[in-house]
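The chains carry the letters A, B, C, D and E, assigned in the order they are written, with residues numbered from 1 in each.
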């Protein structure tokens, strides 16, 4: 295979990996704070994207024309709105269930995902059909043979990674981060330390959900398309990435996300069988990896002793 | 006569878990600057009293006052922020956090890094083992080492009232003695102590006042000396 | 020593940088109560964990009944006749007292799929037998618990849980019983009742050796025939309780007599 | 020493409850209009709330637990009666048959998840293995169909071994990942690959039992009933068998061992349990249930395709198990009824039905976090009633 | 006397837009009929959701077929579901008219008299398509198709006719129906540098592929099939839709007098969703059912018998004539191209007139 092609596939894989990673970081956060899988995470992303789209339409309606300004507003509003939604979900659905078996949370967020998805399909104008999201970043690009490097891709990649680093810093370096980790270990004792449990959960869900919206904005800038069920598979892959990287570890989510994207790219481009098998290949490798490293690549350390 | 100030006042509380009440019509006072102890058999409800005070299992009826502020239905973190810290029963450390992180969480209310560092040094001086193992995950420490973490974490705060639930559980005799010395020194820093312990002889030796709990009710109370001489208490706890 | 039940030689255990056991040599005689004491973090629990196969030994050997069990899995150690309790009580909280005790008798039960699904009458017979056995056992410790044998253990206070845990370890008639701080958190009176119960059981079961870890010295004094003291994973002293308690090193490191 | 001193409850409340349930089902299933269906649904919720308030439900539960055997027989009789009531309504019978198929499947998942704690997010895949087995074998071989149903179960169990190693090595969410990956992989594999019909799927022959073509309408004397009665008879029998086996498993040392493995692997190991053994047992038996149910379903349905075995379908199966209450066998039965029948009854709502259904499940979970019928403590009740020397 | 007729289609899930559009169109047919004073009966439409899943399909098929009050049904957009349902309809004797599913076997895979179809099969469409694009002068193709029955079938027939006509397929990629990222496949395609990228599948994927082609700087002509002929494709791709070519059975609705009338009535009725690509077919299917019932009365057997020889039935998608399998044999295939944000029949377009150029010609 020639270099240009490889370079192109690498960039493709990086972009895909970034999106997966961003989704996976969200899963890791929720898992980190409440030990729950939030299966509606992918659909939160969809809501983020549709919020962004609506804001975009609104802004163009009032005549705003500067694309970069639009983009910034769109992204901020989407993140704020979905962050708020995430906190609200935590309040109404997650915290009331914290005494119940953890699987109930899984089921309830699963159902919530359906509610979110179906609401868009049914109540968003023409929600059942895919929509076009305009390119808001300048479309400068440069080509070398089969390889086209686009400025906007590079920018997105950078912002995305920056975002992840930011979240990582918040978790590792701030009091909030410590509170999040304490809450995940032992809710009651955390409260006895003076930590406001509910607040920590709200904030975590807000951050995780805002991150989903952010991932959504990146997604839609990259693919220029949105549809009501885009979050479904993205959620499943994000979860897989978080797990294969090792839950509770943000670097694990990154590793998992890029790994998954890489596997899919290899499956589609470099292996002799049909490209449709790429998911079979990627998930197959994931199963094998988990068999070898049962708590993910950067797995959690064993903390239990007898 | 010196004026007595009540740091904690529990008035006629009823507390239970799912069904029956474990605590029935229980009242007690903890005077400021004293060590007050709560004695009782296993399962008599001592921990439940503490949970009620901390708002973890709020009482069904009755009132709890902390320095005259009604904390009966306050959220735990708010109660704690009023100046009430605790060393919980059963070495409840954060297993997945390191020893140092556990200690830092004990000083969660304190923002001044210097102060925290000084306190941590003090804890390390008391329990050198913790300094040695500051990066070990607390969950992998031995039983007694976890007790040290839990006590050290309690010392990291600067409360007005410290509630301690069976601190010497699983500590070696040497450390048990050390532990009682620490509690005494806490009082000397003008921190009120409310203590639950099974080690009755030593507890009464350092306490000012005590309550004896049986099946969720106070069955005896008095100054430490009177309790020590109480025949029933002797039988049950000294053998 | 003639024919010890358990003999440990050269046993070592490391956790990363932490050395929990170093070159430990021990011989535990049959039919005795053997005490293990030592400061916090000196490796006592780790010793239990290595013997029962939860942690693999880093070096050395564990010989039980002339069989080298160093590399045995926990299951095999149990089948060889070693039962234990845990420093932090580990019961199956949602299950009933009966279930928790029954679990200890795993080796005596028929666990085959066919037997359990289709030979229901034989199973029922086994069940009744076990029910009686469990009741009798728990009655020794606390008759009150025998009446509540179908209730979940989650609501029980710690003392009851510890008793149930000991019953769980005893029901299979092990040759070696490992008790890790059984009296922790009990009052004086409760502790001594527990010791009475243990001694009573010990009398009933002909061939039972017990290793007990305790920080409550009155217990050690009353119940042990022989004691070993660990410090920093090493044995620093061995003998009767009176002997080890008189040892200056033990006093300094552990008892705090100044 | 005696049992906890509680008087034996009478059988009456539970029988009354089953009868009421059966009558309700008849009305609910026969209800056509939007108004009737909603009225019945709201009525049921209100009635349950009221009964709960008056402690009627406790009495029913106690009565049912004290009389396992008779209670179960009454339930089966009631189900049979409801089916016979709709003897010529092919659609209602088909729906009831589907419910029974899912009951069997979810019992299997409950053994895996509720008993031993292995979360299986690929239930629909193993179900699908059964379906495909039936479709292929009925077409290409002359094997007796009953044998094919069993083979469906065996093959599903066998395929489970593909992911056995990671399932054994992992716990919790990591184990979930393994089965999720398997579910996604399985469906894609079926679609991409043409040997098993590809995305278009396969036809499956109808069930034929020892020369009895179950797909033919039933005529006995003057009685003329839909052929689905035959299918229901068969699947009812299979479901009962599955239920009895699961119940026996629960009330035996196996159930105890599985509970122990689920709750604390370290303790289990220290008391001689082989953790892999019980995980493999539960996983394999559970998949066997799925496969058997699948094989039967393919024959009843007549046509199968990969889109029936998606990750989403697995999630529905798992929802049933959680909704019913983990490890609760009767809970599974009730939850299956709700999850299968209500969306169908919501057909009048057309495109809004999934939305409402999801909202309904959320509401149930919020108000009933332990599941509809939480699993009672093991009381070895099925053993106690057995005669025998002790 | 109230007569019940049914509509079955996917109202939930990924292709629900088409299903809901079809439902509205069928509903329109019934409404118009009920408003018609000459109508002999009053009709009631029973709507059932098959979710585009065969098991649900069989379930609702059974529901409709077992309900003797329902005389006939306009059914199915998804081929798998139709294939799963035909046995049920036959068993219970319910006449159906398929309004969207394109798999040949639905009609040709059996001899059931109850099954009819107003739209064409994927065979006709691809035969015409292959010939047409070859004649436009293109030489090389890269095929992408989704691995559903629809995409795979399309790929099979298109490839067959294309190679028969001398076209060269440089590579073909199956993709899963919920796939979002096609950059890996398209990068490969870019290297192969074909004249045309052909896609067999439905709108959502079509949109994604067209957009991602642009991302990667792929300048080949984009060609697809009936699955993407929808307003959603145009709105989803924006300006990039321009010049996309695709094919659909039936005469161009907008050409037939009935077509305009249909759109007017549809808008008048005030449905909140568009009829979408197959709305007209659903309308025709339902109308055919209603006409037949009017003619022979509300009896299933009579309807089946009458439908055996439907010939030159005038409809908004052209004349309908059933062959012995119930397949409409007269569907002309219309070639479409997107021009200024509209699907325009090729012959009316500026492309045909030579005013605009497709890519790479």
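Keep in mind that, in the parts below, a residue touches a chain if its C-beta (ideal position, glycine included) is under 8 Å from a C-beta of that chain, and two chains touch if they have at least 3 such contacts.
The shown structure was predicted, so the numbers you read here are calculated from the model rather than taken from an experiment.
Traced through touching neighbours, the fewest hops from subunit A to subunit C number 1. Annotation of subunit A and subunit D: jointly contacted by C, E, touch as defined at the top. Between the interfaces D-E and A-B, more contacting C-beta pairs are found at D-E.
The greatest centre-to-centre gap from subunit D, using C-alpha centroids, is found for B. Set against the Cα centre of subunit C, the chain with the most distant centre is E. Averaging Cα coordinates per chain places subunit B and subunit E 75 Å apart.
Subunit B and subunit C have CA centres that are 30 Å apart. Centres computed as Cα averages put subunit A at a distance of 36 Å from subunit E. For subunit C, the set of residues that touch two or more other chains comprises 45, 54, 86-88, 90.
In subunit E, the residues touching two or more other chains are 12, 16, 20, 147, 174, 176. Residue positions 118, 121, 274, 276, 279, 304, 306 of subunit A each touch two or more of the other chains. Chain pairs that touch one another are A-B, A-C, A-D, A-E, B-C, C-D, D-E.
Remark: subunit B residues 54, 56, 75-77, 80-81, 86, 88, 92-97, 101, 104-106, 108-109, 137, 139-140, 153, 157 touch subunit A in the complex. Residues of subunit A touching subunit B in their complex: 175, 178-179, 181-182, 184-186, 188-197, 300-305.
For subunit E in complex with subunit A, the touching residues are 12, 14, 16-17, 20, 147, 173-176, 178-181, 183-185, 187-188, 190-191, 203-204, 207-208, 211-212, 215-217, 230-232, 235-238, 273-274. Note for the complex: subunit A touches subunit E at residues 2, 5, 8-9, 12-13, 15-16, 118, 121, 126, 128-132, 134, 141, 143, 146, 148, 150, 222-225, 227, 229-230, 232-234, 264-265, 268-269, 274-276, 278-279.
By the touch criterion given at the top, residues 31, 37, 93, 96-97, 99-101, 103-104, 106-108, 110-112, 114-115, 118-119, 121-122, 236, 239-240, 243-244, 247, 274, 276-277, 279-280, 283-284, 286-288, 290-291, 294-296, 304, 306 of subunit A touch subunit D in their complex.
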